[in-house]
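Two complexes come next, and they have one chain in common, chain A, joined by chain B in the first and chain C in the second.
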Partner chain A sequence: MSVTEYDVVIIGAGVAGLTAGALLSERGFNVALVTKGEPTACLSTGCIDVCSQNKNPLSGIRNLPREHPYNLIPEKMIKESLCLFQSDMNDAGLPYIGSSDENRSVLSALGTSKISCLIPSAMAAAPQENNNGSIHIITFKGLKDFYPGYIVSRRGSTKFSVYDAGVSTTMSLASRFEEKAFFEKFIAWLEKQTIHEEMIAFPAVLGMESATDIVNTISILTRKPVFEIPTIPPSMPGRRLFNALKKNFRQKGGVIYWAWPVAGTEKTGRVMEAVSTNSAGRPNSINAKAFILGTGSFVGGGLTATRATIEENVFDLPVHIPGPRETWFDNDYFSRNHGIGKAGIMTDAFMRPLDSPWKNIFVCGSILANAEVLKNGCGHGLALATAHAAAQSCSEYLSHEL
Partner chain B sequence: MNYEHCIRCTICVENCPVFRVNPDFPGPKQAGPDAQRFRSEREKAQDDWVLLCSQCKRCEMACPCGVEPAQIILKAQQRYGNEHPQTPAHLLFANNYYLSALGSLTAPIANWAASTRLGKMIFRNMGIATYLPFPKFRFRTMRNEKKMLNKGRKKVAFFHGCFINFYRPDIGRKIIRLLVSMNVDVVLPPQWCCGLPALGNGNLSLARHFARKNAESLSNYIDAGYDIVYTCTSCGLCLLHDYPGILEIPQGKKIAENSYDLHEYIINLMNEEYVKPQFRTVNRKIAYHIPCHLRAMGIGYPAQKLMAQIPGVELEVLDESCCGLSGSYGFKKENASTAIQIGNRAVSLIRRTKMENIVSDCGSCRMQLGGLSGMPAFDPAEILCEAVLPATSPENFHTDS
Partner chain C sequence: MIIIGGGATGCGIARDLALRGIPHCLVEKGDFAAGATGACHGLLHSGGRYAVTDPVAARECYEENLILRRIGRKCVEQTGGLFVRLPGDSKRFREIFLRGCEDVGIPTEVISSTRAIDLVPNLNPEIEEAIIVPDCSIDPFRLCMLNIRTSELRGGIIYTRHKVTEIIKSHGRCTGVKTVDQATGEVREIHGNIIINATGAWAHMIATLAGCEVPLTLVKGSLVITNHRLTNMVINRLRHPSDGDIIVPNEAVCLAGTTALAIDDPDNLVTASPEVDTIINEAGRMIPHFNNTRIIRAFSGVRPLLKSKKADSHEISRGFQIINHENGLYSIVGGKLSTFRLMAEKMVDTVMDTFNLKRSCETAEIPLDGQEELSGYPLSKRLADMKNIVCECELVTRNYVESIIKQTGTRNVGDIQHRTRLGMGPCQGGFCTFRALGIMNDMSVISPEQSMEMLRGFLQRRYKGIRQALWGDQLREEQLVEYIYLGILSMEKRQ
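The block that comes next holds the complex of A and B.
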């Protein structure tokens, strides 16, 4: 069995795992991150929802039920985690605007408003509350899953035009926008359009790593506010966020093991010592002094529901189950009140799992019990805040142990 | 096959390099799990677009549900290959091993012929793209190396793979010197093409033929106490993943359990304190392009760990892009434009790093990225040799780069 030793192993490559990993690497710890696949963050709009229940996200958090995991984190740390995220993303070339004092609106592909806290700058110019300004949407011939008609039906003054880019998926369009020759040709077409509306919007396909620059360039050229509208997956803003977090983690010294689903663990007494995977050929194991679990809930692969119960997939930690199976689901499919949203891992204030012997496992992100991220609109925000708390406890634990 | 586990989340599609640039390919979700529901044993395969998949396996890396789109497509490719006549290019690349063996025996003539206008015209007429210069055959392949026995406690049977053997035996010799300098015995077991090119060109029976021969040879060495070390990450993935998997080789499991990536092996030697290499300063700024098949192996990036220990090395890891060549994939005329577009994207990300050298474990990645960018491209073992081996070699090895 090949063995490698780290200070910390992070399990899960989502917003929580990559953030906790970057923090610990920055503090000088030797950090490895293992992941089965890519995170659900790639499917997201890339916006950081902190708490969308209230105009002010922090007041929203204060009104959450007592058992919500946000209540384990001091408000100061929640704010710091958002500020640090903004400065890290700025360094990674993906600036975010907004602050923890006020939520903002993002125009959705259905023409409704999505409420979120930190917004990629490419979406920043979207009309805020009570702004009924006219929008001109530029979409692409054959682009699946984006229909300006939905937006026109909700905002009467909206017009749209269609550009034939020769390709018709979000991935291929974003790729084309990274090519200089394509962008120049597109700009030449755009300059010939007469646009009377006040703002210009695009489905979020304006490049991958250059999105911010592309939006700025178009805005300067047309002398109008320009913004992107997030699409359903494949979602480019989600992938840009994932890429930027990954870059930040690596720059701080972390290493990533892909195709590494944890299949086994080694432990002594109250200490978890290693995780292993059945990689091609032979089991591969990684030793560490501490572990951070950020595997997400059901879709992310952290939890599995069976007919009878709900299991945590890596360390077999005790799972908080909201009640008997009849209470797991609401009759209305689109309800935000499915009981199963409360399932997850309960922790103490140090983010250590309750009712389990392990003193060197720290939990963060949407796997936490009672998070109800859909209902509360708190996915990535909770991931950032709890990643800070888990990294803080983990680093105190390690300094104490060493 | 787990195609029913697909929740249609499209993360695989986001990761497909071909889908991004070639509208004719429906993407891993549709070509894999979606189409699988409609594939019937009773009807002749009609899905010729499965041949557009380059088998980079990035979709499998991304899937959160354990569906293996590339594996589903690979099986569909084998079936299509079995039920339809093979094009000359597919036949040629499946038999790449024999072709290269001939090329090496007649290296000066073969290289000259391949570089002439007539040669290129013949290539193009056979469906072979000529945007990259065809790699140069080497007269003196690895076969001619003698055994390097120092009575070390560790014994390695080196699976060099076709690329090293026929085109860059100099790198193969450096790797042998590197291992010998770490007090490891190295032998070259009788070996053939790993079988991956045949598999990639839809020729399952030929792939199995190669695999059986290798398995018999390697298995004997394992029984005699040797560890198998490979350097080509695609050969490695084939040994570890396809021998016990789709190729159903009886000794597959044993081979997979005893085969190591070169750098993984060196790290193990260091972990066991068998060696304590002293790294000299190497002043190089390196963009380390991770081959898709190394990423798929689930062993992390061992060469990154080693290079990071070399003083003077400045390293940036790039694993977001496929190089596009994918072995023989990009050499087929119908795939050339796809391969060039994918490759240019990888090159633009490399240029953003402002590094001066490309390093990659895979020979075909180096060929593609070096060719498209004009930057020097090295094997990580070459960087390691610069840091470990004395500048002038005691063994008087002939290097021909």
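The block that comes next holds the complex of A and C.
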């Protein structure tokens, strides 16, 4: 068995884990991140939902129920976490627009308005509230995850044209947009189109990493606002976010152990000593002074529900279970108010799990109890804020201040 | 002749009438196999299950089993079945069972637990012994389609998604029906000499339209579907018929059930989680792996049983009955999927007698039309079409979906699902229905507004089917799908 030693081991490569990792690396700690694989962030729209319940996200947070994990974090820290995210993403070449003062609208692939706070700049030109301006959508022949008809059903003035790129999946289209020859051919085609509508929209396939530049180029060329519409997974904007966070974490000195699922733990007294993983055909033990758990909820793999109960998968932490199985789901699919949304780990103000002996485990992201991410529209925003809080406590713990 | 109801019985009657050269029209309010037919195990009974409690039904089942295996080679999978006896199960029942099968003529073979485990490696190693019976599995939807094929080839007129709203009467006799096209709202009048009410659990409601009554006991039965095929044989528990004692392999999955609870309203079925737990626990006793396997769906169907005073509905006869309402309307009720052909034969015989027509039934001799096409779409071909796959779980391509839309002119995504298996896999249509509706919109068979409305309706229906199977991986999948529609796509309940 190989044994490696770090100050901090982070479990989970989502927005929470990568953010906490970057913060701790920046403070000079030796940080490793282990992950089973790609995070659910890759499936997301890439937008940072802070709290979509209210026009003003911070007011929305103030109105959340007392038990919501946002309430563990000072408003100042929430704001700082968003500012720092914007500046880090700018450095990583993925600028985000918006601020914690006001939510914005993103046009969804069904033509509805998705409310979010920080938006990838490639989606910035989407029509805001009460803007019923006409949109011309450019889509791609055979693209199976995008159908402009749904948007037409909401915005009658929408027109669309179809370009044959020779490929038909989100990923293959995005990679074609990184090829210079393809892009030139596409531009030549686009120049021949007569577009009367006020805005131009694309499904979010404009490049693996270069969407910002591609959107600008097309906008200058057509003299119209241009924006991307996020698609169902695989989602390019989600993947771009993941790649930018990864880049940021590595630049600050962090190490990622990719495809290393945690298989066991080692502990002494009230201190977690190591996580062991089975990877590359041999067991590995990774020792650390502190651990940050950012494994996500059910989809991410942090929690598992059985017929009888709900379990936390890495440290077997006590899980807050919202009643018996019958109460986990509401009968109305569209209620967004399923009891299961409250399942997760309860923590103290230092993000340490309640009712558990461990003093060196800090929890962040959507695995937190009572987050109700979908209902409150607070996914990545909560991840950023709680990652800051967890990193702060972890750093204090390591400096013997906690 | 007008047939109301497109379940196995109605479709069987249509085929029988077609083979006897009698002009007919079939009206169905949903798609084929929408009621009890589509919500059953898909078990073609050997009769063993009823050998003790209901020898008449058992004999009918076995005879029909032999006939269907002959005429429907391509839609019956000759899996064979086992009745397994677990520790604690009555030995006396075993004796009664074997005697019952012998009396009815069902061939049986008692085998050791070792031999049984050779046949079905997933079986509980603690079983005492097993009895082989000629159970088979059958795809109920395909069965309906094949019966309808004969009718269509011989001039039968078929209206699916047409709801009967009125029975037209003249001088006290039923002379036709008024139907409403569920997609367009168009009203149609269809006239005929005889109306056959083959609507299963809805038989009483239809009879009421003609001022008649059909005494029924409606018994809900719930089932679960696994993500895998855990057994290649039908597995029955060797005991008095009870909850959760049958597991049937069907295509890539297994169905296990059932339960039996009397209900009032066949349109308002709710599967309860204790039922699901019972089925899993009981099935898990026969195949322990059942406890850990992923359940992709839990749903309920309604058995339209003959009215009986018996309290335990497992005891009510599975036999059938033809009711002559003496006004041109006949109702056919009770029975089982396994005996649908016989029911159709008797029904048509009855009507033929009334008109003094002599032509005899041929449905037991002539193989089902159109079975050859079933071998249709091999895996190798599907993989070659990979880039156009719209349903990854069941490997359904865009071309296949388009061809079904062109062939049937359907405006209903459910019709596509039934015919292609789109949306039947682990994600239960979470990804592919969004695509199928988008394709229908691309082809201009539905408007953009309709595609939105249908997507909304689909999600609500889909949820009903998986609502009681949400834990483990299925819960993960469900949260992902919910995140996609309500998060990424920001879908609301109503516009």
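Definition applied: the second predicted complex is superposed on the first by the 397 of 402 C-alpha atoms of A that agree within 3 Å, B and C clash if a C-alpha of one lies under 4 Å from a C-alpha of the other, contacts with A are read in each partner's own complex, and residues count from 1 in each chain.
To be clear about the criterion, contacts are C-beta pairs under 8 Å (C-beta built on N, C-alpha and C of every residue); 3 or more make two chains touch, one makes a residue touch a chain.
Keep in mind the model is a prediction, meaning the values are calculated, not measured.
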Touched partner set for A:127, first chain B, second chain C, both or neither: neither
Which superposed partner A:144 touches (first chain B, second chain C, both, neither): second
First, second, both or neither for A:299, with chain B first and chain C second: both
Contacts of A:233 with chain B and chain C, given as first, second, both or neither: both
First (chain B), second (chain C), both or neither touched by A:168: both
Touched partner set for A:284, first chain B, second chain C, both or neither: first
Touched partner set for A:17, first chain B, second chain C, both or neither: neither
Partner chain in contact with A:203 - chain B first, chain C second, else both or neither: neither
Chain B versus chain C as contact partner of A:109, first or second or both or neither: second
Where chain A meets both chain C and chain B, residue numbers: 40, 43, 168-169, 233, 299, 301
Parts of chain C lying in touch with chain A, wherever the complex brings them together: 273, 277, 280, 387-390, 398, 431, 434-435, 437-439, 441-442, 447-449, 451-452, 455-456, 459-460, 462-463, 467, 470-472, 475-476, 479-480, 482-484, 486-493, 495
Residue ranges of chain A touching chain B (in the complex, touch as defined): 2-4, 32, 36-40, 42-43, 166-169, 171-172, 175, 178, 209, 233-234, 239, 243, 250, 255-261, 277, 279-282, 284, 299-301
Interfacial residue positions of chain A with respect to chain C in the complex: 40, 43-45, 108-110, 112-115, 142, 144-147, 149-150, 152-154, 168-169, 230-233, 235, 297-299, 301, 304-307, 325-326, 328-329, 331-334, 336, 340, 374, 377, 379
Residues of chain B that touch chain A when the two form their complex: 7, 9-11, 13-16, 19-21, 23, 27, 60-66, 237, 239-241, 256-257, 259, 264, 267-268, 271, 295-301, 304-305, 317, 319-320, 345, 348-349, 352
